[in-house]
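Consider the two complexes below, in which chain A is the common component and chain B and chain C are the respective partners.
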Partner chain A sequence: MRFKPRLMLPVLAGIHFVAIPMYPRLPLAVLFAVAFLTLWSWLLFHNRVQRPGKVMLPLLVLMVVGLLFHSYGTIFGRQAGSTMLLLLAFLKLFETKRESDIITVVFMGYFLIASNFFFSQSALIAIYVIAVVIYLTSLLIIISDKKNSTRLLERLQRSSHMVVLAIPIMLILFVLFPRISGPLWGLPKDDSSATTGLSDEMSPGSINRLITSGEVAFRVYFDGEPPPHSELYWRGLVLSNYDGKTWRRDDAPVYAKPMLVDPDENDSSIGYTVMLEPHNQRWLYALEHLVDIDGTVNVSREMQLYTKNNITDVVSYAVRSDAQLENQGLFEQEYSKNLLLPSGMNPQTVGLAQALYAEVGQDDDAYINRVLKYFRERDFIYTLSPQLLGDQAMDDFIFNTQQGFCGHFSSAFVYLLRAAGIPARVVIGYQGGSMHPFDDYMIVRQSDAHAWTEVWNDYRGWVRIDPTAAVEPRRVESGIENAVDQRELLPSILVSDNALFRRARFMLDSFHSNWNQWVVGFNKKKQKELFELLGFSNVSISDLVLMMVVAMTLAGAVAAWWVVRKDPRSRKDTVKHYYDKFCFKLNKAGVEHQSCEGASEFLQRISSRFPHKKNELALITGDYERLRYGDDHNEQRLKRFIRSVRQLKL
Partner chain B sequence: MASKTIHKSFFRFAEFSRKPFFKFLLKRSGPYDSVVLDRSRVYILPTRPGVVFCILLLLLLVGSVNYGKSLGYMLTFLLVGIGNVSMFAIWRNLAGLRLRSGGGAPVFAGEETTFAVQLENTDASTRYSICASHNGVEYDVVDVPADGVAQIHFKVRTQNRGLQKSGRFRLYTRYPSSLFIAWTWIELNMSALVYPKPAERVVRQSTSVQGDGEQVSNAPGQEEFAGLRDYQKGDSWRQISWKASARNDSLLIKEFTGGQPELQWIDWYAIDAAGVEERLSIMTRLVLDAEEAHHSYGLRLPDYEIAPDHGAHHYHQCLKALATHAL
Partner chain C sequence: MSAPDPKIRNAATALLDRAASSIGQIILGKDEQIRLALTCLVARGHLLIEDLPGVGKTTLAHAFAQVMGLEFQRIQFTSDLLPADVLGVAVFQREQGGFEFHPGPIFSNFILADEVNRATPKTQSALLEAMEEHQVTVEGETRDLPQPFFVIATQNPIHQVGTYPLPESQLDRFMMRLHLGFPDKAAERELLQGDDRREMIEHVEPVLDAGKLMTIQKQAASLHAADALLDYVQAVLEFTRQSPMFESGLSPRGGLAMLSAARALALIEGKDFVLPEHVKEVLPAVVNHRLVANSDELGSKNLTAAEYIAESVPIP
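Take a look at the complex of A and B:
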């Protein structure tokens, strides 16, 4: 059988339907190729051009490979691989001669749509994928429908029906399929998806940009009462290197547990689980002084948390932190690197430091307070949009503009301390977070991004000091939305007074949270948790497999019953059923229907017996004969027949 | 290699199961006048695309495990579900169908005869794309409407005259997903009449044209118009007087005196041939030619005689007698 063009347009539409979420990621050259191939298949459909021949087709494949090398430098990997599959699907459409071969394109579609999960696993993508699966399955139907007698709507209905029936099977397998932790082979490195979040360096203005984003950075589920807002310092990275413009972290974090000392031996630790949105970096966020964290996370001496791979999916990790603990580890190198300043820069600031340090009698604690007092007294302004700073950034900030954001205050503070010979470092992360109004978790948004400092104290170790709090205490006590004047720059969820809008947004957030926990984050741990919730502890892989087999068998039995049972909607049976009912009524009234007797003979007998009901009986019999023996498919008649049998009283 | 062995052993089992003891294991496949395809008659296996689909699912699963993508698992399992559901749907598309034998059309030996099977669907939904094949050749695809009937045809090549049984044929469907194929083998009580294969055109032997006590025919040119009479079944339409019929409300036939169709006996004993089959073959040719020439002809077989006449009914009568002679 020749490949009939009737499939060309539906399949072409299917490829595009699959590829729409990919388009924003594709390079321009590939987009042009897609447009070109679409145009070609369109012309082919209208018989304007020839099918590519034996020479042309390999040439086209070569061109595709060349294009991929030009755009990605490889044909492997997630981006290049999925792009290649997309272009090959078009070529397959050209090449296909037999109708049944077009099924390969549909299979390619099923595969391609899965490649989206590398970039997003949101509920929105899930819904889109289901829609695509429904459409692709309708293509299987049109391929199977050899007489081309189904309409598009009918096919979509049928495939939706199939998908709906498939969902219970999907859920059974999803819950019961044993999860294996860790990849079977290496994870891809070619990640180019853009995500919002803190980067690994801080320059003036880098944090300000995040403040306008209402996106969720992570959600926190506290085991008990959350600490007060002013204690919620979510540490991310420690930045020790300053070149006069930008703060950077150490390139090589030392994976060694920090030296934590508990001064009063009381267990005041709090446990919580963080559900971190993918930020495509390797570090995690946690409250200060962590006691315990899930096994696979590396902890650096500066108490930064690192994972093995970039975080491209929602991850959750359980943490225990204790604010009472003191980090007293300071080794040689750490001491010296946290005293470094770019040489010869910001002479005024260095002068100020020396003057103030002398003023307090070279006492470190007094000096720290003196510097904070300096910021308060000189009317420094906390603002989202400070003026740009010149080359001598610190001098410019302290003596000239005097307005800044958290980044400015913490760099100036660290600069002043280092100039006085006190080890100090910048820490970036998030400060604060707001409890969900009707759910039991805390939301930390990008707008909570913050920078603060840690200062070395010979007795207490590294002590957190937030110079921003000295200038604008409200930032730390109740959040950014209460601390700045330019509320219009903040995300709408923080400043909106519309209760309905806020409620809707938070409901959506609850949904996201559950989605992340139970769908995207459904792993070995979560599976175990679910079974513990249901009362089964220590479920082994073999138990899961057994349960899966049993459940699938049961589902198969239900499906088989559903399929094998007689179609209850069958019209002929309905008609027969109501005629039997009619005979039953007459039987009760004293006239028995003989099995050999035709309906019209029976009518003669009963109408002579019940002359006053003659018309009704004749109507019922007439309808019955036409419905059962005629080719009459009149719904009205069937309804009338059923109604009159029901209403008949003798 | 392995698949060959499996096939071999399968066929060995199939052979074995035909032995009387095992016969009860396999449902009889006919012949029936009418049969409902119940659950034990409909078989199902994955098609080649179905196997490819399985491989695709395996790849998706391995990818989901490796990259730890929950939605990957979801998609994989959704497709597993669709595969399962479609298996039942395909099976259901065939199972429950009632088949009635519709008989076969008469043909000459060596030609293909067409058998018709009536398919009855008592479901409230259409059964699409039901195919019929015989000896591995697909002949027909039909949709059977909800609560309706459809006729499906398949062809069988004939060899010998007589009654040709339809034999086992296959009904199958891949609707709605093409991932599986459900099929049944069934034999219905159907046979087609196979006329003897007509011989090459023979020169009419003078002995075969006999007056038989009646007037020998005139040449057609000598006919004279005699009048009109009512049309009777079997009359040639060439003799209809369209003008006169238009005025009347029934069809009228022009009659000619001396134009009586040539009378002819096709006589078994008058044929000069070696064997029975050859003789029948020549007689078939003569019947064909006589009917074509609108002659009136009679048929004389050793044990059977048909009086001279002409027309479609008579024609088939004669051919039937030839087809079933001495069987």
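Take a look at the complex of A and C:
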């Protein structure tokens, strides 16, 4: 059957609806191609240009493949693959001749819109996907609606109805589908996806950039009371290597266990669950000092937590930490590494270190206090926008600009300590976090990003020292928003005085958190917990599959019963049923019965079309009218009617 | 309701057929309107004919009355016509020492209310109330009108100074509204060649009389309407009430009129049950004057309300 041209613009719009979440990910060249193909197909539908011929179309396909190779270097993988499918969907419009071609395009749309979940599984995307699925389904309704009897709103209503009917099946699949640890399809890694978060190195200014972001880094559910703000040091990475400008991780991590010692043998550990937003890196954040963590997590000797793959979805992990513990692991190699300084740089700083160290009589603890006192007394300024530093960065900072952010203070502090022969290192992570005002979790934002230091003490192991606290104690006691003057640089959620705005933002955050916890975070463990709650323990994958099959069958049966019950045909009497059959036969023969058409009106049309069957048609129509609208209930007539409908051949 | 005797019904159909063709000999080329007017009469409704002067409104009414063998009264409505001129008046009789009622022209079987829109609303409503109730109350005394009782009112649609077009609420009391329109060429030629219509009317033999007509009316009213048919009627009513095209939907009275008219038409066609087609056929005459279109949307589609309904409501 030929397609209806009136369908083409809605289909074109549908492809764009599908593509909207993809736009930000597309390279400029592909965006141009999309715009060009859109314009071309629009002109085509308005008969301004010719349909591309048999030579042109394969050429276009080749050009698309070429473009993809140019942009991505491959046509496979989630990004290149979904982009190719998008462009092919556009090209399919050019060769659309039949309704089945349009159906193909719509089905491609279903796949493409679902492919967005490869990139993000946020609630916003889910809502958008559902909206687009409703729209695409409404396109299928237009295709089947041969009489063009429905309006857009009505179609959307119907397709929403269908989507709502599909919800039970969705829920069954969601709850029962066996979860496999790790991604089911090994998705190729994408470097292009931009996520905010700490990187694995620190140079002046690298943390400041995060401070302006109100984005959530992670959410924490504490089992009991959360520790005070000044104790919330979310350790991320330990940076030991310094090249005079940038701090980096120790590039040869030794997977040796850290050596944790409990000095007083009291259990003062706290338990909490972290829901970490994807940051496209491999490390996790936890409070000092890690006692226990679930899942397969590697713990380095520096107490850094690593996962196997980059974190591209929200992950949730339960942790126990005990701040009383002491990390006393120091290997010889580590000892020397944490004393290294770039040679021949920052002579003034080194001189200052030696002078101060001599001043306190070469006592390590006294020297640390002396350095902190130095920062305090010399009126160092804690600021979000420090001046840029020159080549001799430390000298410039300590003797010239004297203004800096946490990164400046911690790197200067470590520098001064190493110059005096005390092993020290920079730690980056987050400091602080605020309790949700009406939910029971803590939000740690990118703006809580922080850098501090750990200094080796021969008796107590690695001791955390935060030089920023010496300069600006309010930073660790009550958070960044109370510690700096440039409040306008901070994310609005922290500094807004508009109670309504804040409330709305926090409500949204609650929603996100629940979404992450119950939808995105519904993993193998949660699934197991759910079944244990229902009284099934040790549910195996085959049990899940069995349950899924049974539940789907039941849902299918209920749906079938519902549809049959709702279908007016099943309530109609036999007479109507056979008349419908009669109309169906005529429809197949090319004459369609209009729903508003009476039987004798229809008879007039069909008997002129099939003159040789005139009598049969008239007999059927007459019997139908008499049986359905008349007063007599003649069994003979009913039998004759049914027989003649059955025997009718056109 | 007892099942009517099929023999009499066939006789009724034959009589009505003869009546229609008799009238058709006088009013040329208007068979469809005659059929509908007859339907209206059989369905015990009243008829409003809206058309230009001189297209044969009065002649039609006259011919009907003659063929039906009914007592005919014509009331020419004018702006100074009073209700008493229509209904009648009680006059004091000195000899008898009391009032005596002098019935007005409304006390007959068949009334032609000519140019009803020229009378004042007061007089109009006196007529319309009498039509509806089949009785007249004068000086506190209620008097029944003769049976059968049939009113054909005519209205000139062109705006004229000093007229009072019937409001929609009053239009509802007419079962049907018809337009006659100009005759086609052949009919016009025949009309020009033929005899004077008024003379012809006088020579037409009555086909029915009041008693026969009432029997036929009863038969029509008892014609079988199946559930499937009532479903359709209700679907039409529901549609007019839901559709944004109309200011307000059909009244229950409109629904009853539709069903009665369909029954009468089925009887005229010789059917012993009502089909949705019968409803559709009477639809223009029954609903077009009852529904007020909400906007120009119908007009721009070049559809009347009835056509729109017939195209939109599926037959269940």
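Convention: the second predicted complex is superposed on the first by the 528 of 650 C-alpha atoms of A that agree within 3 Å, B and C clash if a C-alpha of one lies under 4 Å from a C-alpha of the other, contacts with A are read in each partner's own complex, and residues count from 1 in each chain.
By our rule, contacts are C-beta pairs under 8 Å (C-beta built on N, C-alpha and C of every residue); 3 or more make two chains touch, one makes a residue touch a chain.
All values reported here derive from a predicted model rather than from experimental measurement.
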Original post:
Does chain A have more residues touched by chain B or by chain C?
Top reply: B
**OP:** Go through the superposed model and pick first if A:E625 touches only chain B, second if only chain C, both, or neither.
**Re:** second
Subject >> First (chain B), second (chain C), both or neither touched by A:D313 >> reply: first
**OP:** Quick one: classify A:F331 as touching chain B (first), chain C (second), both or neither.
**Re:** neither
**OP:** Kindly classify A:E597 by the partners it touches after superposition: chain B alone (first), chain C alone (second), both, or neither?
**Re:** second
**OP:** Once the two structures are superposed, pull the chain A residues common to the chain B and chain C interfaces.
**Re:** none
Original post:
If you look only at chain B, which of its residues touch chain A in the complex?
Top reply: 39, 49, 52-53, 56, 59-60, 62-75, 77-82, 84-86, 88-89, 91-92, 95-96, 122-125, 128-129, 131, 141-143, 146-147, 174-179
Original post:
Given the complex with chain B, which residues does chain A contribute to the contact?
Top reply: 100, 103-104, 107, 110-111, 113-114, 117-118, 121, 125-126, 129-130, 133, 137, 140-141, 143-147, 149-150, 158-159, 162-163, 165-171, 173-174, 177, 180, 183-185, 187, 313, 519-523, 556, 559-560, 562-564, 566-567, 569-573, 633
**OP:** Mind listing the chain C positions that touch chain A in their complex?
**Re:** 3, 224-226, 228-229, 272-277, 280, 310-316
Subject >> For the chain A and chain C complex, residues of the former touching the latter >> reply: 568, 576, 595-601, 625-626, 628-631
